[in-house]
Each structure stands twice: as C-alpha cells, then as structure tokens.
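We just call them A, B, C and D in the order they show up, numbering each chain from 1.
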C-alpha cells in the first residue's frame, strides 16, 4: 500500500515559514498554482525567496505575493509582462536574479537530481558569464552553474492520486515536475483527485516519491482560464 | 514599412525552411512565419515552453487554457505533437535538435553578434530563452525591420547593446534585404522588390559586400 | 545459519520499516524483506531500474516480460505504481527521497564504512547502483550474515576491501545481532534468540559496545 | 505536418561505421534493442565503443557483439551476469570502463541536454574518485563528471509513430529516452508502429525531435520474452 498524502490547503501552506524559499510551477498561466499562492497570500509568510520562470502578469499569481510585500528575492527568467515586478526591481525593493530560461530549468532539475551543479557553455563570452566560476573540461572552458534547491515547491497538476503521482495537461507541465524534484517539501494542488491506480504507471509524469502534500481544488477560479487580451 | 513589405519579408524567411527541419520561431515577427508554410510541408515547430509540433494559433473562444506557446498565444496540437517539461525542452535546444531558429533583433553586427534582449536603463525584462536559442540552434536567422523606429540601422558594424550571443547569426531577413553573415563580413544576397542595392547600402550602418552581377529581388 | 535464523533476521529488519517510508531493497537477502511487510502497510518500494511502488514477485508464467526489478526478478505493479527512466530513478535516490536502503555487505567497519562491490582479483563486476544508494539514502542499513562462508566476521574494525561508501551505514542486521553504528563506534542493540552477548562479541572482529542491562533478543 | 522517419533496419544500421560509438538502451532484457543489435552483428561494423547499462547475459544482446569481436570498449555499470564480458575484460581484449549506474544515466542525459558535464559528490573519498577532476562549489568539493555522447543510439520502444515519438513499456524505459537525447543519430526499433496522433501529446515519453530513424519490428524473437532461469 502507498501512503495517503491528502491534506487541506491551510495545513499544507501552513508548513511554510517566514524566510523560506518557494518554487512556483508555471509558465505564464498554465501550470501556475494560483490557489496555493492565494493561500500563501492569506497566511502572509514574509521574506520569501520565490523561484518561478516568470512574474506572471499584473493581478495574478506571483504578482499577488509582490503586491502583498511577501517577496524578498525573485529568481526568474523573465518579468516583462509584469509592470509591478519591473518597478519593484527598479526601486530596489525586491531583489531580482535573472537566469536564462533553460539554465533555470536545468539548475532546478540539478537540485532535483541531487547534483551540486553542472557545466555549460551557455552565455560564455557575454555578460551572462559575469561572476560565474569557470571550469575547464576536455580543453574547453565552461561555466559552473550551481543547483537551485528550495524549501518548498508549489505545483499545479491536472490529476493526482493520494500518493502524489502527478499528471499535467498540455504546456502546464513546464517547470512543475522539475520543481517537484528539487524542493524539500512539495505541495501539489490538483484539478482532479483520482483513485490510486487510475493513472497508469507509464502515464505518470511525476512519481509520488517526489511529492509530500496533495490538495484537491474544488472549483477553479477564473484566473486559471483563457486570458482575455 | 508597408504591410506588403512586412508580409514579403516574412514569406521570404519562410521559403528557406527546408523539409524535415525542427524550427523555433521567436516571439513577435518570427511567429508569423508559420502563416506562410503550406499545410502539408514536413516541418516541426518547437516552442520552448514544452511543445514539439506546434499547430495553428486559436482564437480565445477555441483555446485550450493549458496550451500556449512561449509568446503566450493559444496554439493547437497536430497529429504527432508532444508536450514535455522545460528541462527537456531546452535539452532539445542545447543538444542541437533545432535545425533553425528565427529571432527578432535590436542589433546584428557584421560578425553575426546578436543583441535582442536588453537596452540598459530602458528595457531589461530578463533573457528568457533567447540566449540558448541563439547559441545552440544549428542555424540562426534574424527576422527584423531593417531600421528601428527612429530610422537607425539595426545592422551595425559592432553592437552597442549587450549581446545575446556572439557570432551566432547566419542570415538576416529584413523588409529591405536578405543578408548573409560570412567569414568576410556581411554579404547582400537579395533586395526587396522596388528597392535598389544602393537603397539598402545607404540604409545599412555596417559594411555590406555586394556580389557582382544583378542582385535578385524578393 | 538455520532457515529460522535467516528468516528472523529478515523479519527483524522488516520491523524497522516505518509507515510512509520509501525503501530500496538491495539484491539478495534484502529483497526478501518484502515478504515480511503486511499488505496494508503504507510503504513504497523503489527499484533503481525505474519503479516506485514495486509489487510482489511473479512466477515466470505470470510475468510481464517488461517488468523486472533491479535484480532481474519479475515483479508486479500495485495501484499507484509509477515507471520512469534511469536518470529520474537516481535523481530520486540522490535527492534524498529514499527513507531507507537495505544493502548486502562483504564488510562493514566500526565507523560505518561499507564494502559490498569488489574483491580485488576475484570479483569486480562493476558497481551498479550501490554507491549512490549507500551514499544518499537517508538511512542505510546492512542485512547480512554475521560471518562470511569461511566463518570470518563481516563486521570489522576497518574494511580491507574497496569501499562502496564511507561512514554510510546506520544499522546492521545479522543472523546473530542488531548493531547500531554510533559516533562512538558499534553498539550492540539486540541478540538473536538462543545466543548470548558473549557469542556475538566473540564472533565479531570489531569492538562492540555493550550497553548495561539485559540485551533484548529478536 | 511532421517528417516521416520510417526506414528499413538494413538502411538504418548501415549508417553506423567502423569505430563509431553506439549507445544501447536496456536494463537486462527489458528495453534492449535486440533486433537492431542482431543487424549490427550481421553487418559486422568493428572497433565499436558500446555504452550500455549492463552486458546482458551470455547469448543475448551485447554478448553477440562481444562474441563477434566488434567491441573495442564497453562503458557500463555492471557486467556480472555475462561471463564472457568478465573474461574479455580480464584478458584485456575489450576495454571496460565502469561507471556508477546513476552517474552513467546522468552523464548520458547531460550530453542529451547539451551540457559539458556535471558536478556531484557521488564516489568522493573512495576509489570511484580516482582520476576525476575536483571542483569546489559553495565551499564543498565535488567531482566533475563529463557528459557521454555517442554517434548512435539504438533504442527499443513499445510504440512509435512516423515522426519518432516514442512510448516505452514498464521498466523497458530505463536508459532508452536518455540515450535518444544523447546520440547524434538515434535509431529506434518499435514493437508497435502507430499512426501520427495515436499517442496523445501528454503520453509521449520521448519526443520526435530527438529521433532519426524508425524501424518496425515484424515479430518479436524469443529473446525478448521472459527469461527462463
């Protein structure tokens, strides 16, 4: 038999403390764990280091945390769609660390794979290499990219069972399974809570041993829908 | 730039896509290239948020809320489309599986240096996936207006803006010309219909090598 | 070693598996532990060839040709079993998702050093997955006969064989005893039914700390 | 539309040349591309560097290549079930490089991810660290593990479509998708050749852009079956 990890959203998010580092899945809207973020805003933990591909758009997701002053530092690849994030960066009230998107994904995965880091030639000979340790390997110089781990990952899954086996929909996969690998405690919100065995063993995108707490969403707020531009 | 000139440059870039290629189209103008590819043409479009086999853009009414491309457009699957995580997506990029990427540009230099992500003090939203596309696609082409909004040439001897990647660009498509980056500098290959070689040379900050004979138009 | 002694040591190791653990059972004796776990006990067995939620071993007649554990036994899925590639499997190991691994041993030293993969000049088939299990499971226990076939203690002051990993073992289950590795050396916790503390001390090459009072039996 | 990569086994394996490096999927029997290996034996390319988790057992898979004298070097995690491999190692006629299993998987994946290598503490302070370059990262010393790429990967898939989207069965996945990422040319044998679109986009284990040639197996030789011990 496999452990039952189902819990309430309050209990799960209540495990996060002031000063913790929190990874958030999602690339734009798809895969962003809006309900978990909402609960994090409600509980109000401060001084968070947030790791997310992008800063969402104004009025959604990461932006709620920024608006509520809960973020000390944001590690991200792109904030161009969020004017508040740009402003907070410019006035110095939130520290922003930019990481090239694929390097961010890989540094998160490296933590999830229990590695210390990896060596790549991405960004070499440009300002992306500034401050990075160089390593010579087979006569070629590369940059040392340290793994990025976190205290928590908040993950959005299409479906999940009680053991925390996960499945994602479309491009809502993105950073979710990587962050589930990388964080010490992995909290999952799911649109569809299914029975053990309902997801075939070959169809599981993220195996249960990576996850810790499963929260079933009742109905999906509008923010998960198609963005009307 | 007239609507026709814009469409012509996009169509011209599309014509260089070869059967069997895997292609990543950058946000903005490059995305439009897909409209000029015949339906039965064997090409695989990749989007770095985790799709191979990107299908046509859908209206909001027809959209799947979980299916966007890296630019945020709602796209559709084709028979044979695959979804995958962001690490796998960039594994595909860095391991050389992209035959071609078409990117926008602020500046392209005579040696193929590309600047397309940052204007210090003005615009610095983060690099996104551009550095890896520019550095690792087997062919990198730029699709851009020849000049910026103030009329300054985007094709320059040396980039003044921070680079995305060094010596990465192979070919440049603009509303005025098709230009190759060669070991001996830029080579003018084609001029837009209605323009002369002199028009292009005059509008270009960088030195253009002009082969002898008539320059083809597009 | 009598059949009962063997079963008793395996059952004893099984009793230390806590609800909710993810456990990797090494090839050989450790694999047998699964037979002593109640069906409704919440534990997830991991096999490094790419399974979480390993179910019971099947006979050849019932076997799925594509479903083996790392030791080559044909196993079965449970409700909630997942399959994954070898990189993901060891990602799980190295990132600390294994609560416990039970491994076989040639030698265990007083400081928890483990040697279980190579006998120079005699046996060197390659390390397989043992080094990562030994180094990264949150708890590492050894399940082994107390002595080798020649009657020599496997529990030694210092390993003479090449190490699998340094200072990795937390607990040792043998047919004679349960022994903990502490900062102050080995501590005898339990002796097998029918044996005395002196029997165990006499059969053990390494120094054993024996707490005061009666030593529990198993 | 997506490119049709279907071809014959003769043509696909005919791309391999003497001296090439060839990755073979599989962990034990499951996932080993026996038919592709058989054709490689028939064509007889020599001086191969073979990368595979294990040496199979005597009389199957890798053993055919060893018996036929086609292997110069074998990079592997374990050869204990193949007495011929042990013998060839001991008499020096085949060079064997042992790599810890998870490190082998990760080094292959690193090549597939276009990385130069990674840094890990696995094997530190033991003989596994011998000859490995050390790197200091955040005050901790790790070992530099170079990526392993190859000219070819031979992969066994449960199902594949004409574009080379793949799906694996059970534990036959193992090294297959990783090697498909890592090799310059990826040749796939499949038990079930399916129409484009028959595998749902979320159900694809290895996306088509990684693969190059798809070979449909007619019927499965006995070697793929349950091993009778």
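Basically, a residue touches a chain if its C-beta (ideal position, glycine included) is under 8 Å from a C-beta of that chain, and two chains touch if they have at least 3 such contacts.
All figures in this text were calculated on a predicted structure; none of them were measured in a lab.
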Chain at maximum distance from subunit C, centres defined as averaged CA atoms: B
Subunit A and subunit C, separation of their C-alpha mean positions in angstrom: 35
Separation of mean Cα positions, subunit C and subunit B [Å, integer]: 56
Subunit A-subunit B separation of Cα centroids, rounded to whole Å: 29
Residues of subunit D touching at least two other chains: 106, 109, 113-115, 120-121, 168-170, 173, 201-202, 205
Residues of subunit B touching at least two other chains: 51, 83-84, 87, 90, 93-94, 136
Chain contact topology (line, ring, star, complete or other): other
Chain-to-chain touches, reported pairwise for every pair that qualifies: A-B, A-C, A-D, B-D, C-D
Subunit C - residues contacting subunit A, complex: 19-20, 22, 39-44, 46, 51-53, 77-84, 87-88, 90-98, 136
Complex contact set, residues of subunit D against subunit C: 27-31, 53, 76-81, 86, 96, 98, 100-106, 108-109, 120-123, 125-128, 158, 168-178, 205, 224-229
Subunit D-touching residues of subunit A, taken from the complex the two chains share: 106, 110, 113-121, 133, 135, 137-138, 140, 142, 144, 146, 167-170, 173, 201-203, 205
Subunit A residues touching subunit C - in the complex, by the definition given at the top: 1-4, 109, 111-115, 161-163, 165, 181-182, 195-197, 201-202, 204, 207-210
In the complex, subunit C residues that touch subunit D: 47-51, 60, 63-70, 72, 74, 83-87, 89-91, 93-94, 125-132, 135-136, 162-166
